[in-house]
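Consider the two complexes below, in which chain A is the common component and chain B and chain C are the respective partners.
Right, the complex of A and B next:
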């Protein structure tokens, strides 16, 4: 509750600043709130400071809260450098701050009903961001897709928590566990469908590439950085209710995820649009989180959360780079973006680092997550390793292909770039995304239950 | 003078409708319903600039309401004369369903609404329906009628949003929106009249805001909504659109959630599926409307840029849609 009060008070103070100072003030506020949220990181179990009638926080919630605050700050920072948001920036600040406020509450509430309301409410600011600052007319169908998939998929969850409210009197989700002997797959599907769509899991991923392509850079950063993680967090909480006893349903979901990871990597190979490529790589990476979560093991949970948090920094980093690069050449086509990389060679280095991080090259924490998730899956059925091997080969192939296309040195007659300089201010968002990855690397066992 | 006469006839219609709620005999219910409808005719036909179209809309409305009244009176007489309870109830049920404009007897709604003025659309689409829906529980002890109303309501809830998608004119869009909400009202009547009154109050106020904003811009076609809707009302319209989309924590989500909860308590699976299907289609429709309304080629005046009255109305609309949901949930 203290964090929410601090956020509200800071926003009230920022309102009285000059418009040109508000951007810097809000970014600094997000930094302060992120630091404040570290108070909730109290190790295993529930944080005593957070216990109240409305809220309850443990390590999973607190990591997501810190990630939300950090990513929303990065989103504002990167958008302040982009040309297409100038002039209407205050509306963007308000929408991102509102979204962050809803997200923080979403990760803190202790009833399923409130979680559902906040889960759906986060769609409104994001839809507004895409609608207002999305570049093309296709943003309307992309928002319809996103809204229909997310809201439609979570209708069964609405029925479930309504049942809890009607029959049990409360949808409080802490320190209780339900009997799972007589539940069927329809029930499990209803519990998890909305979250699987949000993640997004194969085959419910169709909305994500459309949303990413139409969203501005800041919107993509938030969508990839934190909104997808809502699905993973929701799955964790539902599993907590059912004491992690999914077994056969979990195996089905893991099977789809394994196929999804290979499918996502294959689709990345075929993309010419950088944003679609990053979107499909998100589908691949989230498949590992799903494998870890549905394995119902501690190792799997640790692997899943490492992936969720690491992906929360890497994917926005890729979007930041694609935003800067595409602004230089006014195109999202990978082949055209190579002109920008040739004009500003430092971009080539940053692309290499981010692509390697995305691939899971050590010391990036993604490799730890992939190893742990693979261990969980192979423990169930060893021959799955063949599919996972295909994934690793395909992901290496698309990463290598992407880097080669971006940094090709074939001379062109006419190089079209709108500016050929990348300053420290432009790259500041990227630097702030690198640092937390190092923290995750050194504290990767934070999510282990003791 | 014309405005005064409109108000007088409207008040008289309202008084007749309120009196109808206190009648114990079905005959006097019919009388008061018809008196209320008759007093609406001059209200509906009043136009500041009379043109041929008002006659077409009012005539259609009058013929349908008349036919519905004939069916109700016929049922009453049949029951009195030969005590054929089921047939007479079926006739009366048909009459009330026709007056309400529920699927499949909704054919007149769009045809009439297109020619009404916006005040008429609000009164016929929201105000009058509330009172007629209060007659539905009279037939709850006749299984044939109860099932007929139930399935008509389910059909209205699902068909309405689909038809809204295909609406070209704004008034046609409002007509199908009223068909959808009539379905919800009738379903609510199965759970108790208190739900009907609460839902109808919320629906009437929301529709009043919506209709007023559309009237102020003289909006005719859906595709021109962005340019015709005044800029100072756009924020309020966005809030209404988000509420009707069914996004939590806006008002319409809370009202539909209450009906969903009640149907869950009654183990009514068909109702639950219908509510969720209707909500999903409604969401897509209103997202589409939202984008049409907020797209404009001309730079427009923004939030709080109108007169004091316009700003107050806009703010009231935002507060109503944003915060009344929580208030309704707490009260209920």
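Right, the complex of A and C next:
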């Protein structure tokens, strides 16, 4: 609650500043809020500082809250190229701050009804951001896809939450405990479909590449950095209600995820549009977190959350880089972007670092997550190792191919590129997205249940 | 027939080339950047850097152009990216962003992770406590863990009629 009050007070103070100073002031406020939210990470179980009538925060919530605040601040920092596009930039600040406010509450709230309302309400600011500041006319169908998938998938969840509330007499999620003996697959599907679409899980991923391609840089950063993680957090809370006993439904979802990881990596290999490539890479990475979550084991939960948090930093970093690079050459084609890398060689270094982090090269925490998730899956069915081996080969292949295309393509197009288009502000944003991974690496066992 | 096939192949090659040309040039969007091309005195292309002789020529042109330049003059300033027109505001914003996004989170983060999250989940405590209990039980000659750790008389098991309706799965 203190965090929300601090956010409201800071926003009120920022309103009285000069229009030009408001951007940097809001960015700095997000940094302060992120530092403040680290207080909620104290101790095992529920955080004492967060307890109130409406809110209750444990390690899963607090990590997502800190990630939300960090990523929303970064999205404003990197969105300077949107100042001259349609709409007023200050309305972008308001939309992002509102979205962050809703996200923080969504991760803090302790009732199922409020969680559902906040889960759905995060769609509105994002759709507005894509609709107002998106690049092309295709942004309208992309918003339609995103809204249809999200709302359609989560409508059964509303019915289930209503039933649970009537049955239990309360929607306080920490008290509800459902027996799983007489539940059918329709019920399981209704419970988890909305979150699986949000993550996104194969085969419900079709909306993500469209949304990412049409979204502006800041919108892609928020979508990849935190909005996808809403699905993982929702799955964690639903599994808490069922005491982590999913049995055969969990095995079905894990099977789809394994196929989805290979599918995502294969689709990355054949992409020429950088944003679509990063979107499909998100699909294959989120498959690992789904495997970890639905394994219903402590090791799986740790692996899933390490992936969720690490991916929340790395994927926005890739989108920031693609935004910088594509802004230089006015194209999202990878081979064309190589001209930008040739003109500003520092971009080549940043691309290498981010691609390696995305691939899971140690000491990036992604490798820990992949190992833990693989351990969970192989413990159930050892022959799955064949598919996972395919995934690792394909992910290495597309990462290597991406780096080579960006840095080693023979010049085909004559293009004028100005090296002063890569500002220190953008480099700072990349650094701010990379250094928190050290924190994830050193405290990777925080998400183990007691 | 052969002539027809030859002409079709040639046409297909031309179409593919045209398609590749269109694909390459169709994915451009309007730059939303505020930067004007006229700001830079000597525009260059990436081939000027990639080719060694052209790179040397460019280097000579740049040295010739900038030989009398004062490096500290305002027009040669490299902005941080926050404010193009006022250098003091630009520098101030750069420093404030680094203060609020690096210095404060690192200090607060290290403080919290070392003091508040120290021994997260009481793991170190539990290991110490286990060793102390083990030493104590060794001195008394007791086993580390008793067979009946929980008193069997306090355990309530379900009856056979209750278990009949349940699907019991035993995983080994």
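Simple rule for what comes next: the second predicted complex is superposed on the first by the 432 of 450 C-alpha atoms of A that agree within 3 Å, B and C clash if a C-alpha of one lies under 4 Å from a C-alpha of the other, contacts with A are read in each partner's own complex, and residues count from 1 in each chain.
Definition applied: a residue touches a chain if its C-beta (ideal position, glycine included) is under 8 Å from a C-beta of that chain, and two chains touch if they have at least 3 such contacts.
These numbers were taken from a predicted model, which means no experiment stands behind them.
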{"item": "Touched partner set for A:439, first chain B, second chain C, both or neither", "value": "second"}
{"item": "Which of chain B and chain C A:346 touches, first, second, both or neither", "value": "neither"}
{"item": "Touched partner set for A:90, first chain B, second chain C, both or neither", "value": "neither"}
{"item": "Chain B versus chain C as contact partner of A:170, first or second or both or neither", "value": "neither"}
{"item": "Chain B versus chain C, judged by how many residues of chain A each one touches", "value": "C"}
{"item": "Partner chain in contact with A:34 - chain B first, chain C second, else both or neither", "value": "second"}
{"item": "Complex interface listing, chain B residues touching chain A", "value": "242, 245-249, 257, 260-261, 264-265, 272, 276, 279-280, 283-284, 287-288, 290-291, 294"}
{"item": "In the complex with chain A, residue positions of chain C that touch it", "value": "23-24, 27-29, 31-35, 37, 39-40, 43-47, 49-50, 78-83, 93-94, 96-102, 104-105, 108-109, 112-113, 116-117, 120-122, 166-167"}
{"item": "Chain A residues touching chain C - in the complex, by the definition given at the top", "value": "20, 24, 27-28, 31-32, 34-35, 38-39, 41-44, 73, 77, 80-85, 135-136, 181, 273, 327, 330-333, 335-336, 339, 342-343, 411-418, 420-421, 423-426, 428, 432, 435-436, 439, 442-443, 445-446, 448, 450"}
{"item": "Residues on chain A engaged by chain B in the complex (per definition of touch)", "value": "116-117, 120-121, 123-124, 127, 131, 140, 143-144, 147-148, 151-152, 155, 158-159, 162-163, 165-166"}
